[in-house]
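A, B, C and D are the chain letters, set down in written order, and residue numbers restart from 1 in every chain.
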Amino acid sequence: MKHHTVLRIVTKLIIPLILLFGLYIQFHGDYSAGGGFQAGVIIASGFILYNIIFGLEVGFSILSINMTKNLMAIGVLLYIAVGFMGIIQGLNFLEYNSLLSSSKEGQLLGIFLVELGVGLTVSNVMILIFYSFNNMGEKL
Amino acid sequence: MLYVLNMTLFLIGLFIIVRESNLIKKVIGLNIFQSSVFIFYILISKVEGGVPPIISADQSIYSNPLPHVLILTAIVVSIATTSLALALIIRIKDKYGTIEEDDIDLG
Amino acid sequence: MNQIPILIITLPLLLTPILLLIRKINIVYALTLIVSFINISLILALGAEVYNNGSIIYELGGWPAPIGIRLNADLLSCYFLTFINVISFLCLVSSKDIIKHQIHEDNIYLFYIAWLLCNIGFSGIVLTDDIFNLFVFLEISSLSSYFLISQANYKGTLLAAMQYLFIGSIGAVFILLAIGILYAHTGTLNMHDLAMKIGQAKFSESIVFALGLLLAGVGIKSALFPLHGWLIKTYAYAPSIVTTYFAGTSTKIGVYILLRVFLDILNSINPLEYYGLAQFILFISLLGVFLSTLYAVKQKEVKKMLAYSSVAQLGYIIIAIMLLIPDGLTASLIHVVNHSIIKTGLFLIIAVIFINNQNVIIEDLSGLGKKYPILMSCFFILGLGLIGLPITSGFISKWYIITAMLKSEYWYFTFIVLLTSFMTLSYVWVLIEKIYFATNDNDDAINNISIYQMFCIITLTVMTIYLGLETSLTSGIAENISNDFYGVTGK
Amino acid sequence: MTIALLYILLSVLIVISIYVIISRNLFSVIISTTIFSMVCALIFLLLDAIDVSLTEAAVGAGISTILFLSTIRYVDIIATDTKKSAVPIVILFFLLLISISILIYDLPEPGKANVVNNSQATKYYINNSTTEMGVPNVVTSVLAGYRGFDTLGEVIVIFIAGISVLGILRNTKGRT
């Protein structure tokens, strides 16, 4: 769709808004609807829209397939690492109290980190799935 | 009575999966099937006169947040299943030349 | 705080994203093996602890039961955990050469990740004390098994994976709806809590509906007789090492869920006795045992023959449970382990010999007795175990099943068991005859069976004989478990 | 009011799913499932499940539509009619529907399910979410906090989806 000027310009205008909305959903999930999963899906949608309009090659140059694999692994690792923090300090798995001196702050930080891990994994998995569906024949 | 409508949806979904031969329609049937169960969970979570479970000072009755959490997880499972199924469909088309289950001939 | 229960799940879980970052086949393989081995030692330690001091409860995040999720490692969990992880480890050890021939090189690291995740799913199902968490782990294991199955190159593989995906998802959604209905009546998801509250809740028709859904869902997972179609196709068309792994584990997980839900959680409303469900399942399974043995006799393909035999053996397990007496439960638990070991061994021998072969038919076995003397004597012993002849563990489990039947009101079922044993003898004999007495026309080169594969097969064979002679290991624990379930005090 | 609206929306869902059965054109079937998801999201919104509603909208109308549309590029867009006869299956359908309707008649009406909504866990979450976690959105605190282990499972599920799709679609050749 490289010749549709209107589409290209509108997309360029919309995408920052989509990403911003995704980030809002991610980081404001404690106070209103949303959280890591929804944010991940929305951010991935924004990126996929960009890919649809400007072509996969441009998308690859921003975020390569290997990068998506790494990022989704790191998201899962982040979640499990937060869980293991509890075990290291002699508490239970996923016990966030251990993260900071104050229990409530620790819970908040734990939820924040966990949601970040979810968001990272979900957005990258969605992008990876989109790549896989549309890039057959080339090396994944 | 709402549950009866809900179960109608449940059965329609099930019957699309069982009866249709086209694999994409089967996957859509699976989505309908799963959605009906999601609606069931959310139906029982509603509290009369309640509001969404975001705590604020001027509210005292909230709908039950636990089924919401469960369904969030179930939705994730459902999208994972869907994407896996669609990937398999692309390969099936590649290998057998058709996505009609009845037409696939294993010889 | 005893951390072992959670480590059994999270240690392999921690490894999976790291493997995705590494992507080098040899390192991935080595790490997978190391972690599986550590896992087995953890499980044995846990088993010893639970056997001596009773079940261990682990609260995740430090939240108490109905609020948070917790794990509950009791004797039944440890029993299933042990054999599932041992089988997984043995399959992994012998997988390397086989996988190289059957799976695309770039996919091998993904294959091992999915394998680990599948095993994590099984461990999670067995350990969790939260019924929704059980559903989540069920989906983890199912999704990764769809992927594992789809990786083979047979003609029917993709279709088999697709059909398994549909039937598996239907089963999972049934279970999900049933959980929802039970939740609607009790307001809790914790299994202990649920078991208590379901007894207090007033009788309700919708619980009957939930029971039906649960039975259908679990029946699909455990390949209960009329719902066994997926098993034949997946066993025949999955990569042979995956078939080997699933033959010992995946359907047994269905049996575990059946036990947990119907005999433990719902025990207070006694669903099996009350609704005449037990008799119904009993007769269906009996028919299933008979018909699937008949199909096994008629099969020309070895994998399909063994798959039908699996359905029949699962029928025995279900029948023994449905007798609803402690001896029956003991018998079924013994048979779960014995059959897993025997079937894994048989499939593993087929897998290591026919690395490239598409569909192994009976004729392919001709003259193998001379080529692989040690392997084939293992095959012979495991075959005897499948029939249930003395000195093998198969004999012990058949013995227990028949004793349980004689003690219950269904003594006449023993005739069917004996009859199907003779039929089993006939199809196993066909294989043995080909192996030892038929001559092979085409002289294929002998595969190099690596020392590791040899080790695994011999281990399985030795286990079969050992469990046939020294019964206290399986039957002792199984009797403890069934006494717990039926509330019999003392040993 | 809400209840009446729910009846209407559920009926709309049934109409859409019947359309899915009848229609042979995959493109319109997929678009109708997108509408299906939006109506589902609306139902969830009416029933106070705002998080679920947002998710259903993002997943059902967003990602899953993209995936379906990506898939039908590779297949025939017109589905052939199934050869199985419809009569026995319709009879079975109504038999099952009637028996299920009888069985589920005693479920508590929406809004009045007191056993569930006054259960110990639910009360605990609502009373303690702000004080223990400082998170007003109870769904978030239950999801990531109290039942964080389920969410770990959820992440694993999506992780599996990623590696599975990658592995399944690798090296399929000859397409544009």
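The rule is short, and it goes like this: contacts are C-beta pairs under 8 Å (C-beta built on N, C-alpha and C of every residue); 3 or more make two chains touch, one makes a residue touch a chain.
Predicted, not measured: the structure shown is a model, and the values here were computed from it.
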item: Which of B-C and A-D has more C-beta contact pairs; value: A-D
item: CA centroid of chain A to CA centroid of chain D, Å; value: 22
item: Mean-CA-position distance for chain C and chain B (Å); value: 28
item: Chain centre separation (chain C, chain D; CA means) in Å; value: 31
item: Distance between chain centroids, defined by C-alpha means - chain B, chain D (Å); value: 4
item: Multi-chain contact sites of chain D, meaning residues that touch two or more partners; value: 50-51, 55, 59, 63, 67, 70-71, 100, 104, 107-108, 113, 116-117, 121-122, 125, 136-137, 139, 143, 145, 147-154, 156-161, 164-166, 168-170, 172, 175
item: Contacts with 2+ other chains: residues of chain A; value: 31-33, 37, 69, 72, 76, 80, 83, 93-94, 96, 129, 132-133, 136, 140
item: For chain B, residues contacting two or more additional chains; value: 44, 52, 54, 66-67, 70, 72-73, 76-77, 80-81, 83-84, 86-91
item: Topology of the chain contact graph, where touching chains are joined (line, ring, star, complete, other); value: complete
item: Residues on chain A engaged by chain D in the complex (per definition of touch); value: 25, 29-38, 41-42, 44-45, 48, 69, 72, 75-76, 79-80, 83, 93-94, 96, 103-105, 107-108, 110-111, 114-115, 117-118, 121-122, 124-126, 128-130, 132-134, 136-137, 140
item: In the complex with chain A, residue positions of chain D that touch it; value: 50-51, 53-55, 58-59, 62-63, 66-67, 70-71, 131-137, 139-141, 143-145, 148-149, 151-152, 154-156, 158-159, 161-162, 165-166, 169-170, 172-175
item: Footprint of chain C on chain A - complex, ascending; value: 69-70, 72-74, 76-77, 80, 83-84, 86-87, 90-97, 140
item: Contact set on chain B toward chain D in their complex; value: 1-9, 11-13, 15-16, 18-22, 24-25, 27-29, 31-32, 35, 38-39, 42-48, 50-56, 62-73, 75-84, 86-91, 93-94, 98-100, 102-103
item: Touch list for chain C against partner chain A, complex; value: 1, 3, 6, 10, 13-14, 16-18, 20-21, 58-62, 106
